[in-house]
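In the two complexes that follow, chain A is the common piece, with chain B as its partner first and chain C second.
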Partner chain A sequence: MYKMSKNVQLTAIILMIVGAVGLIYSFVDTPSSVEEVKEMLANDHHGDEANTANAANADHVDDHDSHAEHVLTQLKNKPWTAIYTSSLFFFLLALGAFAFYAIQHASQAGWSPVLFRVMEGVSHYMLPGAVILIVIFIFSALNMNHLFIWMDPEIVANDSIISAKTGYLNIPFFFIRALIYIGGWILLSRVIINNSRKLDNNPDIRLHKKNFKLSAIFLVFFIVTESMMSWDWIMSIDTHWFSTLFGWYVFASMFVAGITAIALITIYLKKLGYMEFVNDSHIHDLAKFMFGMSIFWTYLWFSQFLLIWYSNIPEEIVYYAARIQDYKIPFFGMVAINFLFPLLILMNSDFKRINWIIVFSGITILVGHYLNFYVMIAPGTVGESWSIGIPEISSVLLIAGLFIFVVFNALGKVNLLPKNNPFLKESKNYHY
Partner chain B sequence: MSHYEAPIRKPLITGDKSYHDVTLDVVRPVEGKANKSWWIVFSISLIAFLWGLGCIIYTVSTGIGTWGLNKTIGWAWDITNFVWWVGIGHAGTLISAVLLLFRQKWRMSINRSAEAMTIFAVVQAGLFPIIHMGRPWLAYWVLPIPNQFGSLWVNFNSPLLWDVFAISTYLSVSLVFWWTGLLPDFAMIRDRAVKPFQKKIYGILSFGWSGRAKDWQRFEEIHLVLAGLATPLVLSVHTIVSFDFATSVIPGWHTTIFPPYFVAGAIFSGFAMVNTLLITMRKVSSLEAYITHQHIELMNIVIMITGSIVGVAYITELFMAWYSGVEYEQFAFLNRATGPYWWAYWSMMTCNVISPQFMWFPKLRRSIMFSFFISIVVNIGMWFERFVIIATSLHRDYMPSAWTMFSPTYVDIGIFVGTIGFFFVLFLLYARTFPVIAQAELKSILKSSGEKYKKIRAEKGDDAPLHDPYKQEAKPDFTNEFNK
Partner chain C sequence: MASKVLQAIYTDDDILMEAVKSVRANKYHIEEVYTPFPVHGLDKAMGLKETRLAITAFLYGIVGLVVATAMMNFIMIEDWPQNIGGKPSFSFIENMPSFVPIMFELTVFFAAHLMVITFYMRSKLWPFKKAENPDLRTTDDRFLMEISVNEKNHKELTDLVYNSGATEIKLKDN
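What follows is the complex of A and B.
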């Protein structure tokens, strides 16, 4: 029986503390007035003669003012964006892992039951993750940040495009929807996981059948709510922009991240000797999913990008114009990380059985998909004032620490080998 | 333990079948003679095909003006039928490649016919890009061949050119995939043939397959590789077909969801067509022991899932049309739902969104009659889907002065009917001359998933021997001779 080791516990706590300190520092470090920003900008432009000369122009002073105000909003948004991106990334990772788990039930997979406890453990992060998201949303609704510009009544009043969308994008309805999604996901996941645990002591086939049905129900609920969630929580940041593919694109990202997390944790636990029933073939299968889903993600990324780039319709192209102008390296870099790396490394069948290769490519996939979320969110909130610095890194550390703590704590509470699953024997004897 | 399978899984081969029984059941239609009903159906298909051929010749020699197209609607039945046939073809690759990657054993009794269906459907689809051309005799200009016009080249920016590459690659890869899988089965027919002519033909078709261990090892490997290649291929082919519309700026066409949604629709309609064909085939060729209720049910589940994905895509499109705030986009969908082609839109919605939802009821999805009915409904719905996307987006777009209507002529309809006839001509010939079930593959799961062997394991435990113990006959006693 696995018990969270002191080392893991300590690492998680240190990550959380370092992350929290960094995040608090980033909030404190945020400029609070236009003057501060002006000073900052002046320092940046120090020696820029053309700029200084033009500053004499009265018109330009005005411009300069509004520019500084603009930058101030962006800088104020920076730590919020950082914590929102990592909170969302880890929450959706857990949700993606659970969707994978539900698919295993619904498809009656014969290879994966020995991995069920790991998948259940990862999806345990959904509850704390959801609480953090809701707290951030409440701050947004209270206008403590400008993550969602449509939550600002002043902007909505002056923007006819946004005000045409208030039927959907309004604060009460946003929260009702969020609670429905989160409530549905967590409730269904808890019931399914509890049934799976009950099966350990109670060899009743009805529990298995119940989980089969519940998983199907979850997946139907999921496909609808996941699309809507991605419109609400990510797409609405760029409130003017829209894309029909978006929901499925977000799904691919969280799905591959979830599978990767399952693989990494399985390898870790197996290394420690807690999962001797997991063999190379199980790892191989997980790696195949990482490989396949990375390509699937790229397919959706490319489809969305190509179609918008090709027709170049102004109301849509702004989305990519902003990203290519200001985010060139993360935008194209993440495609390289998320596509080329897995493609070239995980193509080889032997490599998919070598732990360090899976760990290495798994970490790159996680970094790449974090960047994907960053590039989806940041251009709409911090714009050209972005950087990957203290706020971003400390947010990732904070949430990663919490994630590790919650997941390993959950893993330590149950037997890692499920019992009485009708496919367990197939899974234990699985060889590919 | 390599043959172990959880007892909870339903058998995929019912009855008391042995390896030899599988062989006999698969070759029966090939070695037997066609009956009267085969000839009747074949004649009907042939007449439809010839009629279609006449319509094609008439179009090409007289002009596209014989169709119902007009200046606003340059694409209607031609491309609708093209996309419909390509979509149908996709299920074959899905079944043979994707289900292979996911190690679905149930694919083994349906993959051969599904692949045949792919190839015959892609052949039908391939007709349309040529015959809908104004000057089809210049069709070879779409190929980047060095020439005497100062090496005049093609423009690689057009999805219609990508279509050329996609469809031709798709057809060639599917053909190779199908044919390599056929080698052991052709060899089996060759080895059984008693007539010299048959032996000669199947000898040529089977490429001298002798079934050595090394051959089998490479056979399996090549199939995995081809499945791995065919899966992205199948996604990309229908994606490229969807690009024909999605790269445009037409409201109702320009939408990013088209690539995965066309693919989902292709699986949806393709599986429905497989169901239509196989429900008939299992009856006509007495293959009920191999294409079981379980197979039909699983195909229905795939139809249900992909139908739901298509449903989500429809709703997403509707929502985004409203959310976008683009009035053209909003009008395009309003026009679909309430315009002059409302009946097409609502038949599409009924057939594609509502009908697969019946499959949630186990009673319905296990009913052969109901499955057959729904499979037809789905294919009608998917034809309407393509028609709605193509025609209703074109007939009313940006400039109201260019609004118009479309109605097909008998030539449009005749060509479509002709392709259906041609498809069935090919499929009927296939069903009489090819091993319609991949017997070699099926034999590999007989002991893990056959009803007979599952019963043995249920009774005697998982490690029970699955073969009859070899009986040593008593040796003659030579003692007396020896002592003489």
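What follows is the complex of A and C.
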């Protein structure tokens, strides 16, 4: 039986401490007044300043003032964006892993029961992840940050497009919806996981059948609420803009990230000798899902991009204009990482059985999908003042540390091989 | 008795698999196995070389991609420049997103069709081709294993095949 080792525990705690220190530093380090920002901008544009000095006039000074104020709000948002992006990414990763797990139950899959405990372990992060998100939302609602501009009554009053949307985008309804999504996901996931654990001591087929039904119910609930969640938590940041396949797009990203996390943790535990019953064919299947879902993500990314690019309607194209102008490297870079890389590396059938290749491509897929979330969120909150610096990296470390701690702690409490699942023998003998 | 084959008929795919393994373990050469349906793992048990069809599919896909790119460049950019999506840039790279569906489809088209044609050619299948099964029942419910034999070993091979569960054993001129 696996117990969280001292090394994992220590790594997780160090990650959390380093991340927390970095995040606190970046909150303290944000400029607090327009003067500070002006000074920063002046330092940055020293060369420009000398050239345009002659053109200085009243208008120009005015421009500078409003620009500096604009940059100030963006910089104040920067650490918030960083922590929100990584919190959301890891929470949705855990949710994606659970959706994958529910699909195994609903489809009565024969290959996967030996991996159930790992999938359940990853989904355990949903509860702490959701609490962090709710805390960030409360800070947003109290106007402590400007992640969601529609939460600011002053902006809404002066913006006819947003005021027309207040029937849906208002703070009380936002929280009610968030609680319904999170409550439904966590409740159903806990019941399903508990049933699966009860099966260990109680060989009752009814528990298995119950999980089949509950998983089907979860999947229906999930695909509707996931779509709405993506509008609420991500799409509403660019409040004017909307896309009808955004829910699927976010789903593909979280799904591939969740499957990748399952594959990486399985390989790690197998390497330590705790999962001897997992064979090459199981790893091969997970890698196939990583490959397939990466292609699926690209398909949705491109579908969204092509229609907007082709029709060239200003209120739609503004979304991609902001990304291509200010986020060229992460925007196109993540497409390369999330598409070309898995396509070329994981296409070969033999490579899907080689652990180090899966670990290597898995880590790049996780980085790529983190960047995907960053490019979905940051242009609407920090705009052109973005950079991947201390706030972003320390938020990822903080949340990754918490994720590792919660997941391995959950894995250490159960037998890694489920018992009494009717498909267990098929899964153990699974051979591709 | 220079070139003769021993034909053993089985009624079950699991028994056939065991028989194939035991014949191979005794270092006899299996010429061919005829089955009414694909038997999972038979290719590995017979020691057949891995198929290279996947590699040809990849190469055909690249051919399709190149053909699509060249075709769209000629049709939409060079021969009759088109104003695509209200953005008259007349450059291939700037209009590339609108060609991606065609590039994708032709990649799939070339890979799929040429792979099927390659498969037919490789397995020597063409219209009006006469069937090669030595026994018609292999299209219904019987499994047939063909092993090459010579004067010295046909006795012991017959015993081996008999013990492996064959229901019929025949010696045939090739």
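Following the convention adopted for this analysis, the second predicted complex is superposed on the first by the 425 of 432 C-alpha atoms of A that agree within 3 Å, B and C clash if a C-alpha of one lies under 4 Å from a C-alpha of the other, contacts with A are read in each partner's own complex, and residues count from 1 in each chain.
Definition applied: a residue touches a chain if its C-beta (ideal position, glycine included) is under 8 Å from a C-beta of that chain, and two chains touch if they have at least 3 such contacts.
Here the structure is a predicted model, which is why all the values come from computation and not from measurement.
Participant: After superposition on the shared chain, which partner residues are touched by A:310: those of chain B (first), chain C (second), both, or neither?
Facilitator: both
Participant: After superposition on the shared chain, which partner residues are touched by A:386: those of chain B (first), chain C (second), both, or neither?
Facilitator: neither
Participant: Between chain B (first) and chain C (second), which, if any, makes contact with A:89: first, second, both or neither?
Facilitator: After superposition on chain A, A:89 lies in contact with neither partner.
Participant: With both structures placed on chain A, which of the two partners, chain B or chain C, ends up touching more residues of chain A?
Facilitator: B
Participant: Using the touch definition from the top, say if A:227 reaches chain B (first), chain C (second), both or neither.
Facilitator: After superposition on chain A, A:227 lies in contact with chain B alone.
Participant: Using the superposition described at the top, list the residues of chain A that contact chain B and also contact chain C.
Facilitator: Residues common to the chain A contacts of chain C and of chain B are 306, 310-311, 431, listed in rising order.
Participant: How about chain B: which of its residues touch chain A in the complex?
Facilitator: Those residues of chain B that touch chain A are 1-2, 4-9, 101, 232, 235-236, 239, 243, 246-249, 254-260, 308-309, 312-313, 315-317, 319-320, 323-326, 462.
Participant: Within the complex, which stretch of chain A touches chain C?
Facilitator: Going by the criterion above, the answer is residues 302, 305-306, 309-312, 347, 349, 431.
Participant: Quick one: which bits of chain A touch chain B in the complex? Just the residue numbers, please.
Facilitator: 108, 110, 161, 164-165, 168, 205, 220, 223-224, 227, 231, 242-248, 292, 295, 299-300, 303-304, 306-308, 310-311, 313, 315, 422-423, 425-426, 429, 431
Participant: How about chain C: which of its residues touch chain A in the complex?
Facilitator: Chain C reaches chain A through residues 41, 54, 58, 84-87, 97-98, 100-101.
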